[in-house]
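Here subunit A shows up in two complexes: once beside subunit B, once beside subunit C.
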Partner chain A sequence: MSERRLLKEYQVVKKELGNHKNIISSLEPIDSDDLTNWTATILGPPNTPYHGHSFDLRIHLTPEYPLKPPQVTFSAYKMPHCNIEFKTGKICLNILDNANWSPVWNLLTVVLAIYQLLSDPVTDSPLNIDLSNILKIKDTSAYYGLIEYYLNNKSDK
Partner chain B sequence: MSDLECAICFEEFKEDRCALNPCHHTFHLECIRIWHSYADDLKCPTCRTESETITLGFEGVSDGYGVIINLRDGFYVRKLQEFSEMTSVGQTPQIITDFNINQEVEEEEDNDDNEDSGDDHRLKDEGSGVDVLVNEMGELSITENTVRVPSTTRILQCNICGEIDESINECCDDCNTLYHDHCLRSLAIEIFQPQSWELCVQCNKKLGKFNMPGEDVRTFNPDSSKIVNGRLRDKNSLATERIYHNMHLDEFETLRTVKYKIQEHVRNVLNDFKKRAKNKGISISTADFIFVNKFVSRNLYQISEYKYKANEIDYDGEAKKQVLHQLILLGYTNI
Partner chain C sequence: MSNEYLLEVADAPSIVQSHQKDEQIYSSVVQRLEHVLTNFKGQSFVNSYSNEISIASRVLYLAFTTLKGDPTLGEEYTDLVYVNRTGTDLVQKYKKLLFVLSYSVGPYISKKLYTKWSLRNTDSHSNGDAGNSSGDASISYKELLDKISSVHLMLFYFSGAYYEISKRIFGLRYAIGHKLNQNEKMFRKQNSNSLKILGYILLIQSFSKSLPILSQCVKTFLPQQQEQQLNEKNTYSSENDQIDTMALTKNTNLKDSKHIELSDESVFKFIPEESRNCILCLNSMVDPSAAPCGHIFCWDCIINWCKERPECPLCRQTCKMQHVLAIK
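The block that comes next holds the complex of A and B.
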């Protein structure tokens, strides 16, 4: 099931990516012969400190995909967000859990969900404790300021 | 994504489309079964509604029949029509587990044409022939005693889906049970023994080929027909009742006279109404006339328990009341 579905998905992504130009600037397999490793670039959503920046995602599809969720990570040390581990880029998103994943989702919907996560951080399941603590006390300006500081200094890393 | 694709594998549907109930989202049977075995629950991947059953063969949804897999208990077969009607009014679907064709003793409905002895040639004259019967059945296992099959009559029905059509092509030479090729295969997949599809479900013997007879096939409809002594008979006919209850001829005659007497009351009342309507310029259609006549007569037999009780029951008054009620229900309000 996996291989044929990946081929289909490749076609779907090629066809529909144009509709999401403002969100996803690229979504493609790293090597066109191997559809199990993908890379994506998403743009920072407007009205967030991420606006104006772009972020790279790595997507690994296990042989069990689509029955198991894809493994999606941001690049390490690039993404300050309360549900993303800064050191590794690991994402905490409910639909990427085994329990909440559904095979009707595809790569495009997963990337769109991650984009949505950037504007709607969830404090219940933090992977970045510092940011989440600031967000919990609703100090939005401090939260945004800290993120901006991270983002503007990321070139140093 | 189009509706013609399975949302799990993104492949187009061929014959293997099946629908989850109650949400009616469709997937390939294989895909949804694999997904359900992976997931911890039986939810629909699209809408997350907890699923109860799967209808095999999407075509089955539209024509009213289908093979249904109960996701918790396993396989069973039933008339889908009943299922969909019941769910539409918000009731839990009833599962007919063992439909015994001899169990129903319905009120007979008088019909002068049917008061014959019910010979073979009479049924054949009606245009269809009696070589082939179809029975209604509930669960996979149809018990031996529910249907008696004499040499002249053959039950032509897939033992899995209960359907009768051209594509029945497997036959057990041992117990004469018939199957659809595709029903056997889906059943075999369902029980995770894909090799077992060539074996009879009842007796586990290897199946042979079967060719559908070209002649007319008379179908069993539980609403109008009944199988008595292995013959397909009109359910509402008095002759059927007589054979069914093993009545003596004189008993039968008494019953017949009772019916005639009661029917006469109803017919007189109805004729009165017809005349009255005619004076007012309303005409009662023949179909409505017959319907009301049958309906009220049947009710009156029921009240009088098949005995003519002129002293106890006011047949004319009762008939008048009921006829008027039925006519109003049919839309003849000015009578």
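The block that comes next holds the complex of A and C.
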């Protein structure tokens, strides 16, 4: 099931990516012979400190996909966000959890969901405690400021 | 002279009535105990120990009534008192204790012991035999219990004594706690007669149940007949085998040829073009199958997913594997 579906998804992604041009700038397998490892680039949503930046995602698909969720991470030390572990790029998103994943979702919907997460951080399940604490006391300007600081200085890391 | 002062032995209807009343109150005791335990220990504790809780409440109820020497509410309602087998004396305390224990905890312990015993049996035997033998044993255990209780109930309806098996064992009879006048005696007698009819019905039932077994016994005693029977059976079973093999070949044929593939547009024309793809494998459906909620997927896709998690991938309604319907 996995291989056939991935081939189909590859076709669908190629066809539909044009509809999401201002969200996803690329979504493709790293090597077109191996459909289990993908890379994606998403653009920062407008009205957030991420706007104007682009972020790389690595997507790994286990042989159990689509019965098990894909494993998606940001690049390490690149993504300041309250639901993303800064050191590893690990993402805390409920639909990527084994217990909440549904096989009707596909790579495109997963990337769109991660894009959505950028503008809607969830303080209940933080992976970046510091940022989440700031957000919890509703100090949005500090939150945005800190993120901007990280993003603009990321070339140092 | 002493006979005059003896209490009349209780009749079956009043015993049944008192038992019903007791059951009613007992169930409310169970409810209250469960309520208390839910508050202290949480719902999951109550759920996992519901059996033990009901036993504990029975022990509690009987300990505060029978064991203490007071009548239970049901006994008070129908004015019954415990007397010994001959009806000449009250019942000793140790007998009451034994009755309370055996009545409430007895079935539970015997069941536990039995399962342990059968488990050990299956351990000691080799795998193939063990399954069979334990299966047989468990059936016979259940049957035995059924037999004993039905015989016991029959005896109760005829004689009007000992409604519970443990009361029969420890000799706790009921007597009516007041003197009866002529009218009441007549009335009670009539009532017990109608219960006797129940007894007859039970007798007929158990007799008809044992008829096949009896006939089998008769057959084993008549060897000639048995041989004939065997021959008949053999021809019958060989016929059966033939049919079986035929059915099997038919089935395999089915398996080879008949996949319903929606890529073929002539199949299931009522499914519109945009719904002919399975959302799980993204290809056109093979053997379309409906979850209980009505969503349709390939048979293989939805069954594989149900092994992962029993819910519909689209709407998350529960969808157990056995509830998936193949559309034919």
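Just so we're on the same page, the second predicted complex is superposed on the first by the 157 of 157 C-alpha atoms of A that agree within 3 Å, B and C clash if a C-alpha of one lies under 4 Å from a C-alpha of the other, contacts with A are read in each partner's own complex, and residues count from 1 in each chain.
One rule holds for everything that comes next: contacts are C-beta pairs under 8 Å (C-beta built on N, C-alpha and C of every residue); 3 or more make two chains touch, one makes a residue touch a chain.
Given the structure is predicted, the values throughout are model-derived calculations rather than measurements.
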Fit-or-clash call for subunit B and subunit C when the two complexes are aligned on subunit A: clash
Subunit B versus subunit C as contact partner of A:Ile30, first or second or both or neither: neither
Contacts of A:Glu9 with subunit B and subunit C, given as first, second, both or neither: both
Touched partner set for A:Ala142, first subunit B, second subunit C, both or neither: neither
Single subunit C stretch clashing with subunit B - from 2-10, 182-190 or 272-280: 272-280
Subunit C-contacting residues of subunit A that also contact subunit B: 1, 4-5, 8-9, 12, 66-68, 99, 102-104, 106
Residue ranges of subunit A touching subunit B (in the complex, touch as defined): 1, 4-5, 8-9, 12, 66-68, 99, 102-104, 106
Subunit B residues touching subunit A - in the complex, by the definition given at the top: 1, 7-11, 31, 34-35, 38, 40, 45-46, 48
Subunit C-touching residues of subunit A, taken from the complex the two chains share: 1, 4-5, 8-9, 12, 66-68, 99, 102-104, 106
In the complex with subunit A, residue positions of subunit C that touch it: 279-283, 300-301, 304-305, 308-309, 313-314, 316
